[in-house]
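I have a structure here, written as structure tokens, and I will follow up with some questions on it.
First chain written, first letter: the chains are A, B, C, D and E, and each begins at residue 1.
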Amino acid sequence: MQLQPMAAERLSQAAPPANAAIAIDDVTLRFVTPDGHMMTAIRDFTMTVAHGEFACVVGPTGCGKSTTLNLVTGLLRPTTGAVRVMGNPVTDISRDIGFVFQADALFPWRSVIDNVAAGPLYRGTPKAEAYERARDWIGRVGLGRFEKHYPHQLSGGMRKRVALAQTFINQPKILLMDEPFSALDMQTRTAMQDELLGLWSEQKSSVVFVTHDLEEAVALADKVYVLTAGPGTVKSVYRIDLPRPRVMADIRYDPKFVEIAKVIWNDLREEVQLGQSRTLQTGH
Amino acid sequence: MQLQPMAAERLSQAAPPANAAIAIDDVTLRFVTPDGHMMTAIRDFTMTVAHGEFACVVGPTGCGKSTTLNLVTGLLRPTTGAVRVMGNPVTDISRDIGFVFQADALFPWRSVIDNVAAGPLYRGTPKAEAYERARDWIGRVGLGRFEKHYPHQLSGGMRKRVALAQTFINQPKILLMDEPFSALDMQTRTAMQDELLGLWSEQKSSVVFVTHDLEEAVALADKVYVLTAGPGTVKSVYRIDLPRPRVMADIRYDPKFVEIAKVIWNDLREEVQLGQSRTLQTGH
Amino acid sequence: ADKITIIVGGMEKQIYLPAVLAQQLGYFKDQGLDVELVNSRAGVEAENELLAGAVQGVVGFYDHTVDLQSKGKYIQSIVQFSQAPGEVELVSAKHPEIKSPADFKGATLGVTGLGSSTDFLSQYLAVRNGLKPGDYTLLPVGAGNTFIAAVKQDQIQAGMTTEPTIAQLLKTGEASVLVDMRTPEKTKEALGGPYPAASFYVQSAWLEDHKDEAQKLANAFVKTMKFIATHSAEEIADKMPKDYYAGNRDLYVQGLAGGKAMFTPDGRMPADGPPTVLKVLSTFSKSLQGKQIDLSKTYTTAFVDAAK
Amino acid sequence: MTAISPTADHAAVRDASIAIAESRARARLRHRHAMVIGLRLAILIVFLGLWELGADYNFIDPFFFASPSGIWQQIWSWITEGTSQGPLWLQIYVTLEETFLGFVIGALGGIAAGIILGRNRLLADVFSIYIKIANSVPRVVLGSVFIIALGLGMASKVALAVVMVFFVVFANAFQGVREADRAMIANAQILGASPFQITTSVIIPSAMSWILASLHVSFGFALVGAVVGEFLGAKQGMGLLISTAQGAFNANGVFAAMIILAVMALVVEFIITRFENYLVKWRPAPFNEQGA
Amino acid sequence: MTAISPTADHAAVRDASIAIAESRARARLRHRHAMVIGLRLAILIVFLGLWELGADYNFIDPFFFASPSGIWQQIWSWITEGTSQGPLWLQIYVTLEETFLGFVIGALGGIAAGIILGRNRLLADVFSIYIKIANSVPRVVLGSVFIIALGLGMASKVALAVVMVFFVVFANAFQGVREADRAMIANAQILGASPFQITTSVIIPSAMSWILASLHVSFGFALVGAVVGEFLGAKQGMGLLISTAQGAFNANGVFAAMIILAVMALVVEFIITRFENYLVKWRPAPFNEQGA
């Protein structure tokens, strides 16, 4: 069993390999708080995702997971340190990326099918083809009957599935997902996970997947990053060498899975408790 | 073991007891779809929550859970059937109710503390007292350091916790919660669940709690409603007679808990699969 | 024929009546002219358009030709419609103590606009009666309704205006005539000479190259002046569009009957007219002070003389 | 598990009661519509009645403020006999043409400027000060400048209508662009939209309600601009009609022309509202108006 | 598990580099500010230079369009010698007072009407048609009506400024109220807010950016209203100054007065912007301008 924290990766200040799909190199990011002070959201953060690798990120709420994804997309710029995608420094928002936002970012004035077809249309796909592919993806996320609905006419879970289809249809080389499945029931979630793994193995894309569900992380990932309570930095990195292809419905009953989950869980719990006691201390 | 579906409750067309805290009586609600047709969101829906009862609602995504809560608050009106709260027909939005929305509904122009203090201030609590209570609740949800932050400066999970504090501070007699904990990590979620149970038993309030996490539902509830795939109606009702007070961190290891969860899970899975196959059929 | 555009400083105003009347009588057409009348109540607009070359002629007050010459712009009157300003200094019925311009001391005098002929004439009347600038206040109140409202609200104790505002105020008895400048005789009495007012003028430069058109225009206007001289107010009113007296036809006719005398019978500039204008203007207009004005360049009677 | 299929009986009862509920909802809607029209008419009648009575008994001086009956006679005579400047419909047509051109040019210009400056911070910082300066220029003075520069024809009226419309539309388009949801823009960008595509597919739709709000008010402004232009100098148009009526102490004529202008504005307003409803059909209804 | 506390060395390096990064960010900001000012000035200078040259070489006739040097002389002579109507500052004061009163009354009225009609559908349906009619009335005609009704004093100018401001502010306040997020309103309602509290604590804050957008444009409009009012009849004020200059064919005077008006508008604009920044400090910055 090669289950070992790869914390060395975090501590090493050597530049990450140039051929990594995503390389976050010793990044610190600070925000201005309402009272004019600076607040460090993430600190000394180093993370590397190789081509075709599936990385999951877990950590206590508010520790900087979404911030990390925003750095990779170019929506936020690091205060210090460097972020590289496909070997190039991130200067603008990249078109190679697919990003499922944590909050809703659908276009409310477009129906489901127009939302899903947006990506291909932006990228110049002929209309007929774009809509055909959109229809396909809407079917895959189980919304065939809702093609013509507008986002406000959908339930929360349905909207999330539209967002997934919207991202998946672009077949991005790099896929960033921020708690994409948390609004879905177990069954739909399993189906979506299978869909995601299929897309990933087919496209050989690189994935960074943020979740609160540790079991989900272990079930999906090649590598799990555990972050510390905010200001977030990498606490430990675990390599998950469960065999692939993995079948989501069954993997949870694999004894190796259970063991891995337990080890990471203990590591994480320690951190979460630390984070909680820290905020509670300064509670009032 | 008294674990039996109480489906009889659904089938009986007798009016629900007049003294119930919440009584939804044979309600059907239809929406106008974009192509001008009518779509039934929930159908022949009957549900009763007694005073001081904790009811959980589970069901496949898009089956009408949020719609049901909106009926109770008065935000939506039934097409046919009647909704009564505390014995009175719902005509307007009630002040006895606390509602944690599925999506974000914080006031973006108010800082965390102003958001949390809103309820007491609306209800005429003196300013000093309102802010003192707000500070207390902000501490309880672990956001002491973020009092002055505005919602857009918080992470998704933090925003959800502000919404919880905002609702809890009013100590509502009737508490409706729509997937309130899905954006939280396991540890924070457990702490919030304990907070919720404490509030509930202290206030003797009546709770309707929507979740996708069946284990959460079983751990918290007196009664679990399983809904059918949309148009939603009650498939089965389960009474959960696990002893109280329940400690969230431990209850999952109770063998009785595991058994109950398994029974309901089988019932639910059947429904979810049905729902999925139905949408997939009409997929494209 | 090319289209000739003429701006009229208020087509419904009686002082400018010959312009519309000529059109109504078909005199322009008789001369083979294609004339288009454009309404513009603000005199400045009309002059600017003329100078910019966008229109060929303006029906307006003669004094503008003098004023513009002081600014180096040459325009000249080729047909003179009236030899009296057609204006009246009215005094409010609330102020019977004002019996002559000499009593203006401390009063507020209504004028249509600062820098307008009513402004200069009012001041001239006051000064001629021994007052100094500063003894009275001038208030621009426009013409028409706003003038009447100002009288009613006692914001002006006296004021100078034209028909039909005069007739309207006289009818209701809210004001009476203090100084009448609707006839050549009374104007001479008030100002010491005839005061040529409404006229048809063109840019001097245009006139050089368009003697032919100018002659035809003069022909039409002179014929119109003759028509006015030989017809009663009633007959003239019949020729005018109905909207111009929609308020009250009797009033219109009555005003016209009272004011008809101001029109020249033949369109000719009275010889002693221009000096009077220069005298009035140079007393008050800053822009004229210290400027040499060549009055002979402000009008010509050549076309009127040649008119058939 | 219990069998849960409802009995056929119950389904029939449900369907019947839904049908009843829906027909009731429709009746409520019809009733509400009738009430709105009724109230509007009631207000109009009371207003006109008081005006007429006031004029009859000389509380309101009809010399200054006209009277409804006089206004109606004036409109009727214009319709049947024409105006001093020619047939009434021609005056309406002339003014409408100027207004419409001015409205379209001003609105398009305002939208374009608003979007360009709203999307580009540097341009906004540099140029917005000049737009503010331009907006403080009195329109009547501008009117004279336009007449000098463009002549007394249609162009100067159109220009005046343009400057009445431009600033209102610009201000709203600019702010609407600034208010566009940043997450949505980011999403489009990541989905592969070029800056131009972001503008057309995210910025414009989200600024649409801002732009439409400004169009509602600015058609009236365009009308005002055209009329003021005609006031300053014209040979046709409603503004000249008003000017002539004013000069002839014909208060009925002044008010009659204004009422015709109001009707023109309402007709166009109706069209804009139609257009708006078409554009924003994706919008959620407020809660409570939602279920059928 | 490995020890993860960073070495003291590394922490020091990080803090130093953060300090550098932050001072660099500040320098960038300063540099940008200087560039904006520079560009504005450059545009101004080029514009004035071309104008002056055009006037000198008679491409632009200074008789109609004045010239920068002539305008400056005029302003200087007004400052040093006063105007024909008295000292310049008095004219400015008079116009500013009228404008300010009209702006405040019109804006408050527009906001109030917008909120009331925006919150009450029935009132909106019944009354909005009348507001639209009122908005189509040419302001110049209204001007004479106001002078008749209110006299030639300040009241009529204020009224004219009010009607210029009211409709713009109303349209935006109305739409802003309609756009308020329905989930947020529902939340406030459930938290116990009375309809009045909802209005003050949800509706007004969310309509705020709409209202502010309209205030930006409508101060200029109020100024225009006051000046037009003075045009129609006044003893004092910038409008009279313009009207006198026009009557005397003094183009320099006309443009000088307009420039003074523009400066007035810019000063007030600056104050409104300050106020706006204070009110909307809760707003998220666009992505990319966010990290420090």
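We take it that contacts are C-beta pairs under 8 Å (C-beta built on N, C-alpha and C of every residue); 3 or more make two chains touch, one makes a residue touch a chain.
Keep in mind that what you see is a predicted model, and the values were worked out from it rather than measured.
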Set of chains whose contacts include both chain C and chain A
D, E
Chain pair with the higher count of C-beta pairs in contact (C-E, B-D)
C-E
Can you give the whole-Å distance between the Cα centres of chain B and chain C?
84
For chain A versus chain E, what separation do you get between their C-alpha means, in angstrom?
45
CA centroids of chain B and chain E: separation to the nearest Å works out as 47
Residues of chain B whose C-beta touches two or more other chains:
31, 75, 103-104, 111, 150, 153
Of all the residues in chain D, which ones touch at least 2 other chains?
64, 144, 148, 186, 231, 246, 284, 287
Of all residues in chain C, the ones touching two or more other chains
42, 44, 48, 52, 144-145, 149
Each pair of chains that touch: what are they?
A-B, A-D, A-E, B-D, B-E, C-D, C-E, D-E
Along chain E, where are the residues that touch chain C in the complex?
63-64, 84, 144, 147-148, 151-153, 232-235, 240, 243-244, 246-249
In the complex formed with chain D, which residues of chain E make contact?
35-36, 39-40, 43, 64-65, 122, 125-127, 129-130, 132-133, 135-141, 144-145, 148, 167-168, 170-172, 174-175, 179, 182, 186, 209-210, 212-214, 216-217, 220-221, 223-224, 227-228, 231, 239, 242, 246, 254, 258, 261-262, 264-266, 269, 284, 286-287
Across the complex, what residues on chain A touch chain B?
31, 33-35, 58-62, 65-66, 102-104, 111, 135-136, 138-140, 142-145, 148-150, 153-158, 161, 178-179, 182-189, 191, 212-214, 268-269, 272-273, 276, 279-284
Give every residue of chain C touching chain D within the complex, in rising order.
5, 7, 10-13, 36-42, 44-46, 48-49, 52, 54-55, 143-145, 149, 164-165, 168, 241-248, 252
Interfacial residue positions of chain A with respect to chain D in the complex
73, 75, 93-95, 97-99, 101, 103-111, 118-119, 122-123, 150, 152-153, 166-167, 170
